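Just so it is clear, A, B, C, D, E and F label the chains in written order, and each chain counts residues from 1 on its own.
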């Protein structure tokens, strides 16, 4: 199993979620994050003071999937989350050794 | 070492925390997340418009533990976080290669 | 590639970010988290009731870096985020198998 | 801003010997002086209406948009208020309440530009012969109405119009639509003048004296706003009743909003993305302050602090309570849950509906009006809006225009003494306390004329002005900017940095 | 709502020839007319009291609950206000201030259902012979009191009662507990009637004339609320002093809240989970608006704008400042840190305590009252509450009931001229400006009677009503719903979508 | 608080026979009685000024700090208000408005400690001979000014001063700086006394009678605050004009804030870390309530509800609108984006600038004043502040002190009849409605004297007091506490627990 972590633009969430459900991914976890990268931020001016805001609001999506589903998952996310502009985000894949469903105690594949 | 990540229902935090401390886990990190899964959300109605809210508030707990503690940790979380209803959440275990305590520079086991 | 995850004190963010950019790390993702550990919290009193607040605000920084950059990254973070007081935080290093840039589809090293 | 004295008001006046004594000189043409009580009430009312706009309306609207557009609502509202304060002082007051000479039935004049000739001792008449208030008080009370009306419009095209467009539109719209309309409906004759002339008539011995006096009366009654004086042929001299601005303020702003919402187009993601209110707490604060401030709007419109003022106050209280409750219960029955948003939307609908009726209807009439207006508005904001699919973001049309029409029509009925109303007044009838004759059919024609005239003038006029603004500065920001939110894109700020 | 005229008030009246002149006719039985100044003040006061409820109280309470229950507090408060506005118009006013005929010492009558017989020229007496205000102003001022009182109760069982239960309870409680109690305490005689009768008595030549006049006086004094008139045998005709509602509003709501908190039970997680206020900022706004609005509540209760009104205003200012400071310092000393919540809780405690005393005590007396009430309330909300372990979520009992009792008792002392108070009034004593005789013992008996009567009537009555409501619709939502929060479970909305 | 009657006011008075009739006795020395209308207005004004402080100013400031210091601002503001309410009652009123005997030009006396000798029938003179208001109303109106002034200061050293230091400083500063200064500027003669003496003079037959009367006049005019009476040799008897407190309130607080900001030092991270306002929504609510409440501050300062009151009201409206707009446009032009913070900062700057001029200037003069004050203040808060690098956190100096100075100087010009001002008044000139002689040069000298005197007295005095406080309790919290935020460190609470 793998944990697929994607950093995306906030307004893309619903599309990505739908694409993943279509794949048969039954669940995911979303976190509001701030991203720093190539994408330029904006400046805010309060009376005298100017602030360069380089951290931009992004969403982090974490999906635990069976290894064989990883590629499909990546495709689904890339296609739906892409706008073609700087700041679209990243996808990271890390190993997942075990998964447990708290309610039932089911393990690994059954837990997803 | 492993990173144990648990998605739980918010009001279970204190119980889980206590169970972990009892195990001798000295620290953990909590993040507010939104979860999508089998658990049904609710609908909100604002004047005309209806919204199906499918993302539910959850807490993500991350604990770095020595490998031998993983099972105990999982048990502690499952038992305390379980309500038996859909939406209780998941536990994920991933490999952790290194850990450093910033204050002292202590490494790995000593850093936890 | 590795994912370096650091839990730091909030007001240290800018310093850490600058140190990393100096290293040539082009991006990172920040999450507001609550940390529980050795560092004592404070008590809040509302009319009659007293609450011991043991969860303290921290920032979680996630950086995907090429393996050879890991040590430099760790040093950069430790030196800048350290105040020498309890609660400075931790650094965790986990394996990262794949990375994709959503915009271009670039892979791994090129994606960072 | 009623243009006819309610009989009860006169009654209560006649009753008080002291007051009569003070009123007497007026008939003899001496200048009456303002009473401290009336002045205190009018100043209090003026600041209450300001409070309706900022922070009231700004919060009511602001809470309903998404976080990223919060400041754009607050800035637009506050900026419109500031802008109108300046325009009103320079030429708005003069165009609305100045003397239009031969054109007086359609527009005021330039005689009061920059408050020319007005000082601390100038006075303005009330609706009770022999009573006046400082003209400055009248000027500033009317200013607050000119401030809030354009601010009401922005809710319709919230989250997607450029700030520059909003400001430019406000300048044009207030000048070309609002000031003339205010003159049509509120450009009325000075009761003292009528009463004096009528007194002459009564006293006139010779025929030509009679004729002279009669001509004088006719002249006075002819030189008023055409809706106020019922000057359209089919109105037969019966003017429309609008105690505090159902037509000039609410129908006017409501239709201008609808047209704007349609012409600027839907918000990106409308219908697809969820756009829940970002802070209902703020909307509740706003609605509450609207309610509190509205007493200045309605009861202040009596221009005095007397029994009729208390009546307008009671009506404003009762209709609002009834309408809030009625929306809550309807929603509870229909959608299964009683929501705060429904409750406060109902309260606002009640306030809008009772506005034209507040000084004419009786409390029980207002209670009924409140109970019925909510289901009507709810039907429009849920069913009608979805059916036609226009994006009236904050339901300016559904609540203000529809609620305003309901109130304007109802006023024609509820003023009837048989329905507990205060009846009609005729200043020339000095014998019987200015009692006038109420005829339902004629009155309803007047009411409907006022409604239709407002819908046409403001609807068509606004459409043209939006086109002009679009041509000059463009109505809409770039899609990316709209997506990022107007706060950062247009104002370079964020509402919250928690 | 004081039912006795303060001597100073009379003094200031007697002083002004102009006023006397106006007052004179009253003695001769002619109808006095309302002054614009008094009318303006009463209308301003009415909207201020509305502002106390919405948004004031709603925010003060709402800020103290958890995010997930914010809207439930706002909705309950706003809905209760709307509901009471309707009930008050239909029958509340009649039951509270109508004529109860033979039962008049216990309850008003049905003669004013739907405001029967009231129009813009109707007037209500004030506490100065020869003065009146429009009855509509009196009606709506009293309405705002009926709106806020039930809203005060909800703080005690916040976060855990069904909306339907709250609404049903409000209907029953206001009808069966509040309206009668208001009549007991505020159902007073028209000063003009007394003075006229007393004048007759003075003028009476023959014995039977004397007797007739005396009977008239006795009749008038007998047909009042039993607490107001001191009609209980042990009260010996000395009525309780409650200038603005310490008993009817605060003790009444406070005890009803305590009973409710106990009967509905503790919140899930009470004592185990931390339940810090979700937005003290909102509570601070609420407390501030309560303070601002409370001037309408207290100074408005003088029903006129005169020197006594200014006294009530000053007392409200001074006691609140002193109480806020006193709570802050006590907490600082005892708990080590001065908190905002403590400061605003103290201010509210001061407002509650000074309410019954505001028109009777002197400023220095109010200063002292403010200083002592805070430690008393702090002791109840921290020590007593924890000791008994009831879950009075927002301390309605600890602040309103205890503060109200402190104030009610203190009023009996602070009214004493030796303590800077204004003394007692006796309208029959027209010779010496209605100077009355103050006897501490009798006065204290009257005060204590009022307190105990309120505690018993409201305490027992409320207990029964909660049972009824529980039987009919159930008091409490399902545990899951309570855990999810009432906002989503009951209203289908969320307070914040940042 | 103007100490001269504006001619227009007199005019409007003289006009009304009724009023004259009432005024007449005053000249004969009889006690006039307060009118209900004036009393209602003064009480309304008092609560409006309270609303400016809490929640107005607290929110305006609170929204601009970081989340972690929100409660510290709210607590400091509310606590200062409570503290000043107590001090004012005990000795503040006496020191400011009591009789200082031989020292009367510099300080009031102890004759009114604990409101000695004041009761509900005591009255205070207004600026119209023959008019009075209840002294309690005057007392409490003035109290609200003493409450807000020290609260204005805290914005300058926000986020970094200990609560104990703030409280101690407030006690010392109000006692040693504010009360005397208030007496200098607002310690004026009773118009009735002057007019009575002048009447005697006119009537005086014999030489010594003339002399006696003249001496009386001179005596009265000499026993006033030195700035009010123009008693400094170079002022030649021409007092400074400050209608509502440009010097006493705004310049005074502004300079004290600047000194404090410098002495306590910069915030940790100032210049390096971004410190954006945490909730501009709150600042907008605050600014709006400041505007609404300011009508009590300015128009209330006329102490009556008449034409001049309406003028002050209009000026307050117009200048604020113009200044808000002007800041918005300047910023738009200079920085490229029109911001909400700029808009509301401009509005506040306009309110500050028009304060001293509100009852003297004409509406057009106020319009111009509003347009120019914003660029001036913007220049100070952006350029000057950055140039010198002091950390005036919330721009108390840049907006209140600079805006106050602009207004104080402008008042000297705008009062000129040629510029639409109301002109100067001289109570001894009873023949021509108290018309006085305006000489620009002398008037400007008086204005500048008032400004400089305030800057020196408050600047130097405050510096000493900060040193004293630092020595006694320390000004600044530990760095860690400052970093954690004053809310938790000092008050043990958090503003938001979402």
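We take it that a contact is a pair of C-beta atoms (placed from the backbone, for glycine too) under 8 Å apart; a residue touches a chain by one contact, two chains touch by 3 or more.
Predicted, not measured: the structure shown is a model, and the values here were computed from it.
In terms of the stated touch criterion, the partners common to chain C and chain F are A, E, listed by label.
Of the two chain pairs examined here, A-F and A-D, the one linked by more C-beta pairs in contact is A-F.
Chain centres here are Cα means. That of chain B falls 18 Å from that of chain C. In whole angstrom, the spacing between the mean C-alpha positions of chain B and chain E is 51. Chain D and chain E have centres, each the mean of its CA atoms, that are 35 Å apart. Multi-chain contact residues of chain A, defined as those touching 2 or more other chains: 31, 44-46, 94-95. Counting partner chains per residue, chain E shows two or more touched chains at residues 35-38, 40, 44, 276-277, 279, 285, 335, 337, 339, 341, 492-494, 496, 498.
Chain pairs that touch one another, listed by label: A-B, A-C, A-D, A-F, B-C, B-D, B-E, C-E, C-F, D-E, D-F, E-F. In the complex of the two chains, the chain B residues touching chain E come out as 11, 14, 42-46.
Of all residues in chain D, only 6, 8-9, 11-12, 15-19, 35-38, 40-41, 44, 48, 66-67, 276-281, 284-285, 287-289, 291-292, 295, 299, 304-311, 313-314, 317-318, 320-322, 324-325, 328, 335-341, 343-344, 347, 362-364, 367, 422, 496, 498 touch chain E in the complex they form. Residues of chain D touching chain A in their complex: 269, 272-273, 483, 488, 492-494. For chain D in complex with chain B, the residues that touch the partner chain are 274-277, 335, 337, 339, 341-342, 345, 378, 381-383, 385-386, 395. The part of chain C that touches chain B in the complex is made up of residues 2, 6-8, 31-38, 54-55, 58, 60, 74, 77-78, 81-95.
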